[in-house]
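Some structures are shown below for you to check.
Okay, so subunit A shows up in both of these, paired with subunit B first and subunit C after.
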Partner chain A sequence: MREIKSHPILHFDRGGQIEFSFEGKKISAYQSETVAMALYRNGLNVFSESSKLHRPRGMFCAIGKCSSCMMRVNGVPNVCTCILPVREGMQVERQFGLGEKPSGVVHFPPPVERKETVTIIGGGPAGLSAAIVFAENGVKPLVIEQNPSLGGQLIKQTHKFFGSKNEGAGIRGIKIAEEMIQKVKKLEIPTLTRSSAFGFYPETGTLGVFKENQYIKVHSDYYLFATGAAERMIPFEGNDLPGVFGAGAAQTMMNIFGIRPGNRVLMVGAGNVGLIISYQLLQAGVEVAGVVEAAPRIGGYFVHAAKLRRFGVPIITSTTIKRAIGATRVEKAVIVSLDDKFNEIPNSEKEWDVDTVCLSTGLIPSVTLLAQAGCKMKYSPYLSGYVPIRNKNLMTTKENIFIAGDVSGVEEASTAILEGKLAAYSILKKMGKNTDVQIDETRRELEKLRSGPFGVKILKGLQEVQYE
Partner chain B sequence: MNDKDIIICRCEDVTLADIKEAIKEGYTDMESLKRHLQIGTGPCQGKTCIPLTEKILARELKKSVEDVGIVTARPPESPIPFGIFLKGDKKNGK
Partner chain C sequence: MSDYLRTGYLDVSDLEFPDEDIVKQHFVAVTECVQEIPCNPCVESCPVSAIKMDGINGIPHIDFEKCIGCGNCVAVCPGLAMFLVNIKEGKGRVSLPYEMLPLPNKGDTVNLLDREGKKVGIGTVIGIRQIEKDTTSSVITVEFDDTSLIKVVRNIEVVKNER
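Up next, the complex of A and B:
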């Protein structure tokens, strides 16, 4: 129904077909799909009904960070279906409210204890580049990833990267991810995918991990948190209506799973993410009605905006979304003009016929586990929210806890790759290896990447959160 | 603007109207708001609503985000079955 049949860049290896049950109906799914994707591809919009106001809810973030796609699976409520791979014969139901207790008694095996030297939480660009540095220096780290596959958000970046050659400038993100994943395999780095690191217990220095009914207690000498970021929601009427997606979710659907998020899209936010994903929507055969941006000017690079304009997609500044309208799915969206103080201009509303609203209104660093660990935090709007205070080598206020990538402040994949390397060299140094040269070199490369106009903001932010 | 139709916390169904009302009632720091409205206590553990509420509260009180306080983060940060913490089922000798 919503399957992308042909794509100018991507070829989808969907795997064989299997069947599972959705409320007694047979649903056919591809082996490579997650439950939410199979249901969405088959036309389902409403995944659950909210607890108190009984509002319809659909998928929102599609990377296991929010709660919008939670359903009852094999009798267990509150299962994040967007990151749950399909299995033959699964029983899936919509969830009403916070969910009923599981039907029947579920037995869990006793916890497994793991002793590690280095544990990396997050298998995206930062985590994988760190893992590779460790392995090349004789230390096998454990990589924990919540999603079914490694690569983080890089596996859906079909555009070519800017920046320095070492971090893959001129190469498509998907290709960079592929190369990194291959290297991780070749170096035989142990990885746990589909594994949620759900808690850090500072009293014992233990990380709690849950993988397919198994509780794993990880005790590690060093921890590197590369947990990335989550989509930022904005307040507007009907902001929880199915069909309102984080822009990253739209990208996951179309570029990983080959599914069209909708037929006609309103993109909110004209930063690089909004512009790039709008273009990728066009490539996936989706109509983009327009891009609205609350600020008086386009935030992203000129080239990305120009590409969109060539396709006749309007980019409207000083404008935002006011309301999403629809019964069980977006049917219309109302946009409104803003004055220079971001106040709505009366009677400037316009109604657009769209079935999808994508929010590219920024990301928030995923710092919860670090807060649990007791790392000191500081708020920096330049880095997109609360981030851990750290030294120049990415060590937090806890001696054995390091950070890299978006969790340390939202930037780009290229800086995440470098931060991953820097954190790895810093930990290796703590372990007694001489990595001073590599640390200096990586820091210089980071400085180079941040020397452009987009780095100004980041450098300001770093001044607020770096100690030493 | 209809604040009752703007969802801030999806898990616990808290609207912008609820938050503004609570602030008027005197819940003027993040921890109190969390306890009063249950924001951030649902299955997603505040990944969407906490940053949003911080901004709303700061704007309403004309303070900076850092001055409205933070909430304590506790495990689990993602949904897991609590059964995994049990020692085992004695009846079945497991």
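Up next, the complex of A and C:
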């Protein structure tokens, strides 16, 4: 029922079928699925409950960043099932409340140490473009990526990209990702997927990484953080009901796993992400009841809005969600009009019949490891949150720590690719290579992309956080 | 200009449109890309350099005298903001980008939709050009009786395939 059978852009290579056990019931899954996706496709809505009030929780982020889908797998509690590949015969059960420690002794293998010249954390467009520059200049970096596949946000972008020809304009994001991943393979760049960097210890300059049960201590001369951004949650009644998703989660479900997140969706937020994902929902055969936007104007590109409007999808500005209603899944959503000071207008509530609410209310740079590393941070609303202070060549206040992509300020894949290059050339320069020409060239290209009205915000932000 | 960032669609009066005698000669491109965004593949795709843009953040302007109606810009535009229009033998024709399922077949009758997705008439599919190898993304050409609709029709609704 939730499985997408045909799609105008994508073909789903789901692999053969296997079976695993969920609370004693047999669940059939495709080999390419994760546990949470198989359960969702089979109709499950409630994945866990809140530990104190026992409120039902559904899958929310679908990329291993929140805790809504944590279950007990083969006796081990608190496993993020949205990024855990299915295996034949695994035993899965929900945990109500906090997880219980497994009985008996669990053996973790002893830590492994790795000595690297350059380590890149995050295998999205920023991290991969940097890795390619390094490899082409004779330095093999280590790339660490927590998802099963490389490519970051790009592997979900089925639409054609904007920008200039050099960064792949007119080509679909998925194709750009494919080409980068091919290049990384061809250049034999070492990558660790399904590996989370979870801590940075400035005393020893060590990065802690978990690859499944294996603890890896990475010591590297240089670190490049390209960890991207995470979705922002907004407060409203019922925002924890199953059926409320981060818009990115909806995108992961439909564009990577070929699963419909719901039948009728309310999209909250008319920035580019909200507009694009609404259009992709239509392509997946999902009805979009409408897009609401708190601001008085559509924030994303007009052309994306026009694409939706001509399918009859309303975009309602100066309006937000007030409440999601339902027992164990969203059944209705209440929207409310806002005045020019963003205050609710009394008696303007309307009830919509939707089974899904998608939040696309902005992204926040994923900077926690950088803060832990002791990099000086600064808040910039123009860059979407706390970001590391850096110089023009993307070096943080720590000599050997660099940043690139959305983690340095939420922007675009085109600029993330260029920032990845710039950071790589800067590190190569520190290592004694003469890359001045490439540094200048890349900075000029970035300037060009940021020269329009949509770049004004970013340039303002950069003024606040750049030193030198 | 109309308040398109509130409504999400343009008004016909916002647009540059070629003279009727050009439209009656052959297909001509019209653009509905009116905002300064960092994008230019349409410019690069045009074989006769008919699209002018002032830097990558500029707004595309079409030289209607130069345009030969090849449709490259319609196929490449990531904003799906390029269309072709033509009037031939008293009938209106529009070519538009289409990325949904099901695809119509040549000869099918389809509903014609305006910029708000409202039905404004019916038309016949007279051409389907598949743009990419592995997707069904296409440029679809529809023909209809009311020639004034060439300024209005920007989408189609496939009335379920009875076959």
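The rule is short, and it goes like this: the second predicted complex is superposed on the first by the 468 of 468 C-alpha atoms of A that agree within 3 Å, B and C clash if a C-alpha of one lies under 4 Å from a C-alpha of the other, contacts with A are read in each partner's own complex, and residues count from 1 in each chain.
One rule holds for everything that comes next: a residue touches a chain if its C-beta (ideal position, glycine included) is under 8 Å from a C-beta of that chain, and two chains touch if they have at least 3 such contacts.
Since this is a predicted model, take the numbers as computed values, not measurements.
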Subunit B versus subunit C as contact partner of A:Thr397, first or second or both or neither: neither
Touched partner set for A:Val303, first subunit B, second subunit C, both or neither: second
Touched partner set for A:Asn239, first subunit B, second subunit C, both or neither: first
Partner with the higher number of touched subunit A residues, subunit C or subunit B: B
Subunit B and subunit C footprints on subunit A, overlapping residues: none
Partner subunit A, residues of subunit C touching it in the complex: 4-10, 32-41, 44-45, 55-57, 76-81, 99-101, 103, 113-118, 134-137, 154-155
Of all residues in subunit A, those that touch subunit C in their complex: 6-9, 11, 159-165, 169-170, 282-283, 285, 296-298, 301-313, 315, 317, 414, 448-455
Parts of subunit A lying in touch with subunit B, wherever the complex brings them together: 50-53, 55, 57, 60, 64-68, 70, 76, 78-80, 98, 102, 105-108, 110-111, 146, 196, 198-201, 208, 210, 213-215, 230-240, 322-323, 344, 364, 366, 368-369, 371-372, 377-379, 381, 385-386
Interfacial residue positions of subunit B with respect to subunit A in the complex: 1-2, 5-8, 10-13, 15-16, 42-49, 51-52, 56, 64-66, 70, 72-81, 83-89, 92, 94
